[in-house]
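Pasting a structure here, questions to come.
Chain IDs A, B and C follow the sequence of writing; residue 1 opens each chain.
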Amino acid sequence: MKFWIPAGLLLAAATAAALIVENEYFFFAGYTVLMFVVLATAWNILGGYAGYVNFGTPAFFGLGAYTATVLFKAFALPLGLQIVAAAAMSGLLGLVAGLLTLRLRGIFFAIATIALVVIMETLFINWRYAGGATGLQLLRPPPTLPFDSYIKMLFVLMGAMAIGAVALARWIESSWVGRGLRAIRDSEEAAECSGVPTLRLKVLACVLSGALMGAAGAPMPMYLSFIEPASTFNLNYAIGALASPMIGGTGHFLGPVIGALLLSSIQQLVTVTVSSELNVLIVGVLLVLFIVLAPEGIVGLVRKWMRRFSR
Amino acid sequence: MIFSLELLYEAVIFGILLGCFYAAVSIGLSVAFGLLDVPHVAHPAVMVAGAYGVWVLAGYGFDPILAGLTLMPLFFLFGMALYRFYYEAFERRGSNTGVRGIAFFFGVALIIEVCLILLYGVDQRTVEASYIGSAVTFGDMRIPQRFLVGGGVALVLMATLTLYLSQTFTGRAIKAVAQDEPALRLMGADPVRIKQWAFGIATAVAALAGALLIIIGPVEPALDRVYIGRTFSVVVLAGLGSMTGTLAAGLILGISESIVLMLFGASWAPAVSFGLLLLVLGVRPQGLFGR
Amino acid sequence: MDAALLKITSVSKHFGGFTALNDVSLEIARGERFGLIGPNGSGKTTLINCVSGSLRNDGGSIEFNGEEVSRLPAFQRTRRGIARSFQIPRPFASMSLLENLVVPLEFVVHRRSLHKADTRGEAMALLKDMNLAAKADTPTSSLSQVELRKMELARAMAARPQLLISDEAMAGLAGGEIDEVLEILFKLNATGITIIMIEHIMQAVMRFSQRVVCLDAGRIICEGTPESIVQNPDVQRAYLGT
């Protein structure tokens, strides 16, 4: 209940905003922030809880976006089903990729995920039906009631997804799945000898993570009214998905949320006032600083301060 | 898809030269990751930084290869400092090193890439030299001269490094520390200083590799992303810790890429290195010559 | 006569060109206290890695309770009753001492009935047996060496094994601490658990084992009672060199 009441209130507030606020820019920006909350939370399931750092977010995200695109183009499938299909496809990719690569040591797995991104991008560059290298224009259908604008609808939808993703992460964290993943992260060999089915759990984490990322990618083509490979499979999604939890805190389900909110705010501020390159530099520096000085992230720092004050 | 024996022959020759280049570009990673087990995903970024250094010096009239050699001492020192930092921050403290180490070097690569953009912009940069732009004719084939130069320098670099590792005392200490660190410690050598030295060498080699990079083709700050795939696939295919394997693996990659380029065009070429990497990891993770 | 609990037949293990285990065969009876000795590098840890599943043996067979297990991943061998402690303790560093024990309880003992189990209570009981109850909520990063060694044994025991392999649990401990660990192992054996002890501390091996095997350079060079092993010239040569 401690979780669902604030979550429900937030969603209600988001819906209210969508019905009241006129300025669409707020919802454009808000959608992106919420999307990164989902991506960061999803990344953290495999990267944070299990300790398998990876750069594969664009592959799952992009596959979700393209699955939605192709299904929309071929069958005019409604958005809800697009999201389900996208999650299924990306989950499947997580299964296959996970079975192939999760037996490998951490660094090999990380590099293999980069390979996955490049291969997915190459596949879609060469698939003309999905637009090929030049991409595809998409015409948005009318928004479902009670929303009068498609973007506002997407905003609330992504808000619901964010809550769903965070709820899943929270459940995993406190369940036997989370404990198994933590054991794997702390000492995979000891975990295996303690009865933890390490490969199966890692693959499970990979599937869940991939599916969430695919779901987050599905509304993207509608959001932009356009899709093309280079920007869809862009490494920047990997940066955001990785840096947010590592700065926010990988051990707690709120860490990725805090990190995503922080980095999104910085991005909004810096990109508009100075340049997008400076934003990436700030993210890079923050990432290195936190990894070296505060490996538990912002959540860890808050916990430390709270302990100091309680004395 | 045009196919003819002659074109295939040309693709193979081109692939061999390209492969020598890939091997030279990967040999620094062979040391840093293959021997020292450092998850150095920033190695290609350092190399691109080297390429830009060469570009800057070339602006003052330096020959690119000379510029690369000049940069080596500077990069050597940088490499030593970077390893020291990595060691103090991660390996010393033990837990979770793998996870945070990868993310750390990713952050470093990001910082290097962005600094290059901020300093030099996103446009592609090239250098000029007598051997760039002209081609040499062998019978029916025309081979761009810069590839011959690139391949030649690559072979010399690899031979020098291999000789260094097998013939000199420090070189053998480096190989020893990769194989049996406790034994080395018992012999009175300090493994950390040896690893630091080795990492410095790997970084210095990256400077020269950067010179080759800008000789072979134009560079831009995001080029490191493409080369992460190439260098890691060479190192993994070779087998961690194998210097001679690096040449063989580089040739395999170079020839594969060249043939794919000929048969299917440039849009499929980036996938070759990564596809090869996944194949090796799936089928024979210890590589061709690995322990 | 009881069939052997663990039957190792002609097991080999190679690392590249290096042969760590060469045609090793031995049988361990149910309830036995078995000692495994040998100089550094003789293959002791490699052998138990092959038994526990951390490594796959290259040749030969490993039978546990009559079942061939050498193709099974380690977690399935643990679920069938083989548990081990690690020579250099590998705690789950982000968890408390208690939680370390909850892992095998959740994943081995109660994996089909988690909602009904009181894993924390059981873990606490195990800690009490090891005299570690006071440190239940301490993060494992704050534990002393002895406490970590006992944690290793406790965690292995939490999986309710039939066979417990103790890998140099006493290395580097002082006299009183050695006695403490030895007493724990005797107690466990008294409840019916078969124990393989790998140790360098000869007096511990002598006191504990009913039967001892000595490995050298990947081969078994001697097998017998503790007294006969110690007097064996091959064993002396292996330890002291020629």
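Throughout what follows, a residue touches a chain if its C-beta (ideal position, glycine included) is under 8 Å from a C-beta of that chain, and two chains touch if they have at least 3 such contacts.
Bear in mind the structure is a predicted one, so any value in this text is a computation, not a measurement.
Any chain bridging chain B and chain C, meaning touching each of them, is among A; the list is complete.
Taking each chain's centre as the mean of its C-alpha atoms, the one that lies farthest from the centre of chain A is C.
Summarising the inter-chain contacts, the pair of chains with the most C-beta pairs in contact is A-B.
Mean C-alpha positions place chain A and chain C at a centre distance of 42 Å.
For the pair chain A and chain B, the distance between C-alpha centroids works out to 32 Å. Within chain A, contacts with two or more other chains are made by residues 185-186. Counting partner chains per residue, chain C has residues 93 touching two or more of them.
Residues of chain B in contact with at least two other chains: 95. By the touch criterion given at the top, residues 47, 51-53, 55, 100-101, 104-108, 110-112, 114-116, 118-119, 122, 125-126, 133, 185-186, 235, 239, 242-243, 246, 277-278, 280-281, 283-285, 287-288, 291-292, 295 of chain A touch chain B in their complex. Remark: chain C residues 52-54, 73-76, 78-79, 83-84, 86, 90-95, 99, 102-104, 106-108, 111, 114, 155-156, 158-159 touch chain A in the complex.
Those residues of chain A that touch chain C in the shared complex are 176, 179-180, 182-183, 185-187, 189-199, 251. Per the touch definition, chain B reaches chain A in the complex via residues 33, 39, 41, 89, 95-96, 98-104, 106-108, 110-111, 113-115, 117-118, 225, 228-229, 232, 236, 267-268, 270-271, 274-275, 277-278, 281-282, 285.
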